[in-house]
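Take this structure, written in structure tokens, and hold onto it; I'll ask about it next.
The chains carry the letters A, B, C, D, E, F and G, assigned in the order they are written, with residues numbered from 1 in each.
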Amino acid sequence: MNQTLSAALMIVGATFMLLAAVGIVRMPDLFTRMQTTTKAATLGIGCMLTSAAIYFGTLQVAARALAVIVLVFLTAPVAAHMIARAAYFIGVPLWKGTIRDDLQGQYDLRTRVLEGTGALKFSPPSTEERDKSGPNAK
Amino acid sequence: MNLYLILPILIPLMTAILLFLTWRWRRVQRGLGVAGAAALFVAGLGLLTSVQENGIQAAQMGNWPAPFGITLVADLFSAIMVALVGLIGLAVAVYSVASIDTSREAFGYYAFFHILLMGVCGAFLTGDIFNLYVWFEVMLIASFVLLALGGERAQLEGAIKYVTLNLVSSALFLTAVGILYGVAGTLNMADLALNLHRTAQPGMVTTLAILFFVAFGIKAAVFPLFFWLPASYHTPPVAVSAIFAGLLTKVGIYAMIRVFTLLFIQEPEYTHRLILLVAGLTMIAGVLGALAQTDFRRALAFQHISHVGYMMMGLGLYTGLALAGSVFYIIHHVIVKTNLFLITGVTQRLKGSFDLRKLGGLYRAHPGVALLFFIPAFSLAGVPPLSGFFAKLALIKAGLDAKEYAIVATALGVGLLTLLVMARIWAEAFWKPAPVTSTSSAEEVDGAAASEPGGLRTLLAPIILLAVLTVIVGLVAEPVFALATRAAQQLMNPTEYIQAVLGGRS
Amino acid sequence: MHILMPFVIGALYAAGIYLLMRRSIVKLILGLAILGNAANLLIFTAGRLTRAHPPLVPSGATQPIGTFADPVPQALILTAIVIGFGVLAFALVLVHRANQMVGSDDLDTMKSTDT
Amino acid sequence: MTAAILSIFVLALSAPYLHRLAGKRSGWVLASLPLVWTLYFAVCSVPIASGESLSASHAWIPTLGINFSFLLDGLSLVFALIICGIGVLVVVYSGGYMAGHPLQGRFYAFLLMFMGSMLGLVLADNAVTLFIFWELTSVSSYLLIGFNNDRKEARAAALQALLVTGLGGLPLLAAFLMLGQLTGSLELSSWMTQAQAVRASPLYLPIVILVLLGAFTKSAQVPFHFWLPNAMEAPTPVSAYLHAATMVKAGVYLIARLSPLLGGTEAWVYVISAVGAATMLLGAYLAYQHTDLKRILAYSTVSMLGTLTLLLGVGTHLAVQAAVVLLLAHALYKGALFLVAGSVEHETGTRDITRMGGLKRSMPVTAAAAGVAALSMAGLPPVLGFVGKEVYLEALWRIPAATVLLAVAVVTAMLTLAVAGAAGVRPFIGEAASTAHPPHETPPSFWLGPIVLAGLGLILGVFPALVESSLLSPACAAILGRPLEVHLSLWHGFSPVVGLSAVSIAGGALLYATHARLRGFMSRTDFMFRWGPARCYELSLEALDRLARVITRRLQSGYLRVYLLTIVATTVILAGYTIISRVSWAGAFSGPGVHPHEAVLAGLIVAAAVAAVFSKSRLGAVATLGVVGYGVALIYVLFGAPDLAMTQVMVETLTVILFVLMFYHLPRFGAFTPRPARARDILVSLMAGALVTGLLLAATRRPLVPRLSPFFADKSLAYGHGRNIVNVILVDFRGLDTLGEITVLSVAAMGVYALLKLRMPKENSK
Amino acid sequence: MTFEGLGLLSWTVILVTTMLSVGAVLAFTRLVRGPSLPDRVVALDLIATLLMGIIAAYSVAAGQPVFLDVAIVLALIAFLGTVAFARYLEKGTLR
Amino acid sequence: MWNILLALAWGALNEPLTASNLIVGFVLGYAVLYLAQPVIGPSRYFTKVRQVIGLVLFFLWELILANLRVAMDVITPHYDMTPAVIAIPLDAQSDAEITLLANMITLTPGTLSLDVSSDRKTLYIHALYAKDCDAVRRNIKNGFEKRLLEVLR
Amino acid sequence: MISLILRTATRFLMILMLLFSLFLLMRGHNAPGGGFVGGLVAAAAFALYTIAYDPAATRRALRIDPRAFIGVGLLVAALSGQLSLAAGRPFMTGLWATLSLSGQERVDVGTPMLFDVGVYLVVLGVTLTILLSMSEE
């Protein structure tokens, strides 16, 4: 019973992770890629570790699995956020199908201050500025 | 266990640790720097005496029996080398007090210096091939830092080449050790000596020999692997050049001699002949390089390569006399080459340049310095009755005995060219009248001399010591040569070594 | 895997060496890093690959049970990894400072000490 | 004898201080010790004459067979007397000649050092000891020739002398060692007992060639003669002492000394005679052609050295007799003439004989000495030179079929006579020439030497019996290796040789008379010498320098990638050849199967490495490096190494972080090497990779019998108190490795800190 | 120790490790293709996560929970790497 | 807190210490505490536990849904999405609240937290299916933020 | 402005990492881990802190110059080896004692473990020194 559950969870987890990998290849821009990887990979790893915990069935392993799951659930979004932020600074372009960009022009590139909507100003489009700013852009 | 075996590693280590912890106090740095070197020298002499009296000494680290733990072994060759490290360490430490600027001192110069000594001593004492790799790395990283410390442009450029090429050598060494473990399953050199031929196919042993030859050949700076040496030796402060010149290539040569007398002796007609060939080419390439130089230290650096050829020649001939010649040559060269580099610092202090074209007039103005250069310079050129002559004599005699006339001719011819190089340096830096320089640069020199720490006297003290030794090793060559002969006998007869390490196990 | 490893390691050596021979100091350091990995992997492989237990003594036992991987190459590699890390860090900074000093990352511009 | 040599060296070392103490009288003071030894050796002649020899031996480096052993026989006695006796006079002379020179103390030191070396050379019975003194004479000569170190010419001449004599010295050493190998000893006296064996050895000819190279270079034989005239850059006392009386005769001494051992064979006789004859003639010709007093004397010295060599080569009783007599005669007259030349230059400020004249009025004592010495040189009666010449001509006459030699000898004698006149007589007679300042007779320190030397020549010429049995016979005996009675006289009665002598004197007189005109004509033959050995010396030095520069620039090009390429290629060639020629891979390709994920992993690692190679983006390459690292970590997991995997993961990521920290602001990769170079690099890299693959396949083709791990498994928990064997190895079994490892880490960190934080103050960073 | 002794899990583990390896290859293509640096960083991060999955699967297959510690270390440190990359990417735009 | 201690105690009592034992211990401990509630007085503990469990279940459900939807998009040849970067006003205030919320948003359907404005009043997210931006905002405000704040406050 | 999210996460993660590093160090003798990995994880914790804040903040948080960790660590490691010299045994011979904790539980304590603590300190100091001086560039 435990073995079956474990095997099933493992396959599910692996499937999710494989999906994440397919996603990172197939998705059109950085942000959509992150959408797939962050979620699928996190869920996938969660499944696999749970599978391991069930398989071994000891506290030691459970604690370890839990530790990894908590870690991943905590760190993956933070990492995604950091990358997204950096991507905005160095001007990684959005997919052409993106219908709206509330962030556009909200970053002060020198001070790193990010304006909120309360102070939303209709500043001129700053795509040019973005394109220039990053040496590694594209 | 014989405490003398571990002291040459522990003394510099503890000194360096204390130096690391007291980086704020300059006086302490200097005092500890010299005191630690002096203690190491004493320990080195103690080890040498101990080995002379009691034969090859071994100590099992952690009390684990060989070949499982790491064994420290000192045969005469090792003990001689360790004593030399102490001597050179002391000389250069004193010289450093008078010549190293306060910024370098504050950033750990003395600590790095002692770690270098530790690595070198470790390499000389270990009986374990992987542990040898570790000591090589200790020595290397310390030398990297000493070379780059100060961050001047030339230093950095030289250091990049030095670091890269030495790391390639390390990678090759590591590769060879890995393969060696893969065929023999053990790391203790005595154990390897016993088992390598049993466990591996003979061709594999020879191939391994070649790998070690190249790996150590880079460190020893043989042709055509020596490039790091002329690219870097002249870039750091003089004290660093001097300690490098005295010790670094010696470690490569030591390792080469060790493995090619203990492990890889099954096909000497191939391996040792290759060494002999390379030795000859190294002599020639080095001396030609020296001929092409106009910078004092660079000329010495290229010459260094040439002399590496001589030290290798003894191994290539692979007879008792030849190895004794190599050992004697090493003793001679450590003392003399260090001294010559130290002297470049004095001439630089006096004349403000390392460029031979800008030097001159020292013969009249500073006869003492001239004499102090003359002795090691002409010793290096093999002029009797200084130490270098007997070193060459033994090698040439061994070459003739072995009927290797080509290498004898090369050694003799290169000896003449060495004489040419040294005589030219002598004529340029000492005999030639000082070139007319603008007053401003002269003032600059005076200013620099005044601002640098320590007096000329402290600078000259180690030089005098080493020069006196050069003369003594020449005039009273017998005890030294007898020592070298006994060391060579031990090398030629590995059983003694194996017995000392493995005890009754063999 | 056993038969693949020599080829993988050979490829890593080739890549590392090729990178060393480039003009860019960055590639040089990359090459050193790859070479270090390759050498470690070589030791690992030379010590024989075994799909076996890690060299641990299970609780309740006084010796590892069954076949276990040879711990010696592992210990050697650990040492080598650490040394490699220290040395690589230093090399990186060295190269960085040289780049600052010379104002170029092209090794061909750094030959003033040889000629 | 040992005391003689050592005491002179001690005196040399203390000479600068003694000079400071003694002031103007230093020459006289310092000469006292050589005088003592001259007397000592004179006394020694008594036992020597009775056929004994004195010896002394002290072990020096017995391990190498080197002893401080000396032997005083007839041959060395002659030399020892010349060395000490003339040494006394030269030291005294130097007291006057060098007076006021700031480095006079050093001059004494070098001169005495030379004296000790020369004495050691002729007394040494151990070949290596002999060689050591041989080289020491070269070195002291180097220092003395370059004594006027501010002059470029002096420095060049010193170097030339050093190199040429050094060039001969090294083969000599080889020859000595080969003789030692043949005979099992380095003692000359024991060699002599094995002469037969040596001559029969296949090494005989090489040994002869090597010995003669040494002798010919030292004694300025053709084609190595050119350094001697250039050595006239030395202060004149040096020329008199080293380059006339003593050092240049070291080669002659060597030939004489080894004659009993090596002589008598055809090779020996022909080579030595031919070279000697050529040198003799050429030296005389060149001497005749020059006008610089010292050069004239130098070339005539070359000529005489040729004569001596020739005679020793011929090696008959008479020839050896002649050689010994001429040796002595030449030392006396040439020493005197050189000292005279020094005095004349000192007084007139010139050495050009065409600008001298009538000096006998202002310098009568000097003139007298010069006249007598010139007589001896010219081979005119009643001086020792004449005696020698007669024996010499007779010696050649008696050799069958040596007409050419005889003709050469006669021509040389003519030229020598003319030169003797031009150098020793012409400046003192005739009209006084105008000079910078009016010449005066010199003080006693100047003229003592010439007078004594010339006087001795005269006395011995008239009474050769004074030295016949005490000096000459033992010397000849030593050279010939058997006893010989020498009888000399000024007049032997009429014989064809007297005729020859008369012809040579007449011809010489003619040449003297036409000297001024012929010289001008002969200088047109200069072009012949433009491509002579001197030019060869220069050219070969230049060529050597050019070769050195070209090769060095080639080797040490400054391009790190070329260095790496060379090293890698060397490794590949050497190890590749070795492994292919010696190693079998049979059975290497069997083993457990490959799981699919392993295959993918292997491919991924390789792909990542390749991507790192070809990445155009720096940080992209760093990221691919991370993939390699993670892949390696996974391999560690798959094969039972969790500790390794952990460490690998940590280190790899930290490495990537360090890369990012250091490189994020650098520009993109640029500066690509050209395509052919890249192709070459790829090829070499792939070969290196293939080498590694081959090594691994060969190394792992048989199972490894674990030698260490059973012990560790057994002891880890019981004695190491740990269940993680890898950790126990690291902190206990092989703790020393780890100690070294953390030392490396510490230094690396401190080094990083220092590199980044230490900025040298401006004035230090040039 | 081999997979064969694990019954149901044996083919599961082989399947899973192969799937994850293929995933790593896919992620690697993204890493190589970029185009932007953040893309590569995301790909590397994903590869680290896939690696954790493989390790988890393998630790089950090997019956060795100690390998999970490697996964913990990997989780900790890979995050650090990604964040460092991101941080210095944006810092790089400051100059 | 007490519950965890109880669970550990249970685990310790039942050698060997396994996960199932702990879970059993947790459940039993919960039950004991629930039953003892009248004795030791009412506590927010029980509602909190229910809320946390609710949040976790909701989160996991959303996570799975999100993945399935994205999976469809990934494996089908055409992109069926309308991505947008949307600003969302925040009610969450403390660092922990904001961070947790941002993380959860990232891990759930088609949304990815990009950054928080410097005045901590606005969260910028990337949404994959944002034909109706206000709907996205509403979903987040009423779904995650509400539940999260319930648990945390 | 550095990310609020990162800073918040860091505060939590850092404590976790430091705890984990001690855990790795302590059980390294019996399970995968040890002074080296432990030290690296501890350093990684501070590295994360440095990224979330700045190098100066990390130096403040450490209070001690990381170089002192190196010196002390080396000293601990070297001295742990020398204790056996004092006992007349070869260098680095393990000296062990068994501590009894609460009746049954026994813990072996020995100089090799002390050595591992030295390694931990060195690695922590080294990594921090390198990271901090690099990020201050």
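Heads up, the rule we're going with is that a contact is a pair of C-beta atoms (placed from the backbone, for glycine too) under 8 Å apart; a residue touches a chain by one contact, two chains touch by 3 or more.
Here the structure is a predicted model, which means the values were calculated and not measured.
Counting only chains that touch, the fewest steps needed to get from subunit B to subunit E is 2.
Between the chain pairs A-G and D-E, more C-beta pairs are in contact across D-E.
Per-chain Cα centroids separate subunit C from subunit G by 24 Å.
One finds 20 Å separating the Cα centroids of subunit C and subunit E.
One finds 50 Å separating the Cα centroids of subunit C and subunit D.
The geometric centre of subunit D is 62 Å away from that of subunit G, both derived from CA atoms. The set of subunit D residues that touch two or more partner chains comprises 553, 556, 558, 560, 564, 568, 595, 601, 617, 619, 638, 640, 642-643, 646-647, 650-651, 654, 657-658, 661-662, 665, 667, 692, 696, 699-700, 704, 706, 708, 712, 723-724, 726, 730, 732-739, 741-753, 755-757.
In subunit G, the residues that reach two or more other chains under the touch definition are 1, 3, 5-6, 9, 13, 30-33, 36-37, 41, 44, 47, 67, 70-71, 74, 78, 91-92, 94, 123, 126, 130, 134, 137. Among all residues of subunit A, those that touch two or more other chains are 22, 34, 42, 58, 61, 71, 74-76, 78, 80-82, 84-85, 112-114, 135-136.
Partner subunit F is touched in their complex by these residues of subunit G: 1, 3-5, 7-9.
Of all the residues in subunit D, the ones that touch subunit B in their complex are 59-64, 102-103, 106, 128, 131-132, 135-136, 139, 142, 146, 149-150, 155, 158-159, 162-163, 166-167, 170-171, 173-174, 177-178, 180-181, 544-545, 547-549, 551-553, 555-556, 558, 560, 563-564, 566-568, 570-571, 574-575, 578-579, 581-584, 692, 695-696, 698-700, 704-708, 711-712, 715, 732-737, 739-741, 743-744, 746-748, 750-751, 753-755, 757-761, 763-766. The part of subunit E that touches subunit C in the complex is made up of residues 1-2, 62, 64, 66. If you check the complex, the residues on subunit C that touch subunit D are 1-24, 26-30, 33-34, 37-38, 40-42, 44-59, 62-64, 68-72, 74-79, 81-90, 92-97, 99, 105-108, 110-115. Here subunit G touches subunit A in the complex through residues 1-3, 5-6, 9, 12-13, 16, going by the rule given at the top.
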